[in-house]
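Here the structure is laid out as structure tokens; the discussion comes afterwards.
To keep things simple, chains are lettered A, B, C and D as they appear, and every chain counts its residues starting from 1.
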């Protein structure tokens, strides 16, 4: 029996396996070295970086829901400068693919970030988080307005030669329109999906369980929605898709692969089991053997 | 201690309590008489009725997901004629509020159904399911196209004097636009939410777990999304809202009430516990006592 | 319906038998009916699991479930210990017809498919007209055969690996029995769908009425979700397996004739 | 980290104590640190539950958790029996400072807040400088007092319903102790936030450094989710409770000063 090939080429980024830790759930990667060997996972995406450091949203910021969680961490991050000077030197030592997630409050901020990050050594790809409030449009999200999405992707594309991944918001009527807009404007790949907007209320205090009232729903609860959106995108665009949403088992990885994902990201489950990315990586080849598949790549989009 | 008042007036329908069994999860009500006394629940909504009987989608039609389920039952129902002649006589004997859910494949079918159902005695309200494929628009759903929604609600409004409830699809970018469109076009209430489109894949056969590829996600998994949408609608429209999505406990009922629901519907959990509507009805007044509330009505929309 | 676990017996690797006492009597159980079992109390797993009633007492004071571990729900059920509570709904469905004419009734079962026939055997529904033909991949998985022989019911077995009885598929065992003993007046079957399909064509060939116990994913178990449908033979219509079945005449359902 | 349950002891209605043996030694536990406990293996409940380490052996071969049932997770944990596995991460956080000067260290605790001080008592970290002031609503909920007295540590208790010790709040007991014995050099506290707030103002008034063990909802427990933040006093910035805490100087966190 041959060892199945689980390495994938994601828009020019060579991943030793398709398992990437998702933005906001893996810090800057380094803290996870207590739990796993980063050299055994496909890669990780950093917490979202902004031009300036941000303190983020008031607390409480998280709560649990059935098979999921809500978060409103918000923009909390160390900022570009500190990221480059104090995080990147450590990150560069790590033997895994590094994708930097970034966001702005204006189109100009996005472009400046893409420009600056383009120059930073040791970054294998950039992931634009467009599920952020657009201060110039009354706080509505970049990623739910088609023309804004086209524009910001187009301009960021021009600002960097690194592989540019756009992370789509699921809080739209038709995610395919947005996937196509990304493809048409030069994105190298899309990540699908970010969190769904949700809310939970404490019935005793009558207050929302999150200070910001609403937050992003993640975890196994959203998996069926994510699989559907990945499959819709796969049927409509040619650029590779990173599947994200509720992945907890190696079977889930195959499910997303069949739906059309070239690689996948694991988010919430990193909290439940900080070694999960490494564990699932070890389980992948054996499962492919069981399924009689030589090359993970052969499964991409193969749902009938 | 007074017994708290849990009766509510929903757009002119007097409900002895806010607990209504949701369409598609309660048949035509009658089969549940083996498990509970319909006289103890607020009401029920029938399976969606179409002009002609429909056999529904191929099987498999259901599968389980984390804290939820997917269904693609489709249009399976006995049709208007048989509903009126063979179901309604039995339904009329029942001492609870009866809401008939209906849908068409064309605007004309919706209007004819509203017209015909308007004449039927023993029906307390009509619930329009607009999450259905529109044959004149290439199968895209009525409920995700704003102008189609306006039109179909407007015409159905003219076709019936019964309380008209429009059941909103959550598969839209901004549910508030649709809630407002319903209000502006004469709906007496809205139901939020119907199921979210999802997909699951069997990794061995590489086939979708549902024959129709995708289906509607329901159950506790979707509760945070539903609560958020109910609250968004509550902040934007004046007509009453029926909260639906993942309700499983009496605490969930209060959560939806605080978010803005005048009444609520229980769907998937009727399968897990066919007596749940009656059980939660019995738990509601004691919980209000615990919370120090005299009248359920005072909690509507009171999240701070 | 609240029940108490009386016994949890491992039958073979991955197979166990629960003996269950309902807190109130369950009226009128028929062999071939099923119950809907709640697994735990959280939303994972969410839906009840359908399980055929195996052995039962006619007064409804006790029944058994023969379960194969196939996923999260059955695995959790396998951890139950005597004294634990179990929340069960039913009995649902129509069961095997108890009032057949004919002199020779053969039950053809594979794996856990033996379960519904335990109720027939225990309650001596067909007296000496009844015979069991049971197949499994290997001797270890021929479950509950002594339950039948202890009650004087003839049992003929087959194993795919020839570790016991006839070496081959149970449908081949049926063929062999027909050749040597003549055909039965009616057959019942329960087991893997591939086995039941093969048996349906044997039945068709010999013109033997065959009652098959079918399965499908189920959400409610009593006809309201419309989730468990299968297509009728030669008609563009569906049956609900839970309410019109789970036992069907094999000629009536498309899945057994394709 | 895989652990085995050694003992599950009910302390009072709704309170229990788990004695736990890690399969591998846990290095360098400090009193006031916590672990993240996985409850079951399904996605309900999904997140680990943070639990302060109570008694522990310095060699990391055993530790205890004192748990109050407050919801689904703690209820499930209360069903654990000796021999069960428990999946635990940690120890996380900074704990109480073990190397304080001062001659008089008072630990002021409410309810399960007594837990972290068990580790201090068991390992005799502060010798006879240490004293426990414990409050509860009623005598039945004064947990683990003998654990301290057995080790020669003075324990002064208060109950709101006057069923044992001083009748009133534990902060009033602190006031009373200050009046009769003079103020301590430093105080530690763990318990309900309202109690800790009240104590913070007592500490402030008397100018006593107060180390408080804070709680917040947590997803990860080791500083990466940024979910457990609290606001810094007088600064528009947040701490993570899990990594910068859970023990803070009371003057540094806004929530204790509002």
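The working rule: a residue touches a chain if its C-beta (ideal position, glycine included) is under 8 Å from a C-beta of that chain, and two chains touch if they have at least 3 such contacts.
In this text, all values refer to a predicted model and were calculated from it rather than measured experimentally.
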| item | value |
| --- | --- |
| Subunit D reached from subunit C - shortest hop count over touching chains | 1 |
| Centroid-based (C-alpha) most distant chain relative to subunit A | C |
| Separation of mean Cα positions, subunit B and subunit A [Å, integer] | 34 |
| Subunit B and subunit D: spacing of chain centres that average the CA atoms, whole Å | 47 |
| Centre-of-Cα separation between subunit D and subunit A, whole angstrom | 37 |
| Residue list for subunit B, restricted to those that touch at least two other chains | 66-68, 219-221 |
| Residues of subunit C whose C-beta touches two or more other chains | 43-44 |
| Contact graph of the chains (line, ring, star, complete, other) | complete |
| Subunit D residues within the subunit C interface of the complex | 42-44, 72 |
| Touch list for subunit A against partner subunit C, complex | 66-67 |
| Subunit B residues within the subunit C interface of the complex | 24-27, 31-32, 34, 47, 55-56, 58-64, 66-69, 71, 73, 76, 219-221, 248, 268, 270-274 |
| In the complex, subunit D residues that touch subunit A | 38, 43-48, 89, 216-220, 222-231, 236-238 |
| Subunit A residues within the subunit B interface of the complex | 65-68, 70, 144, 171-174, 196-201, 203-208, 213-214, 217, 219-225, 227-228, 231, 246, 251, 254-255, 258-259, 291, 299, 302-304 |
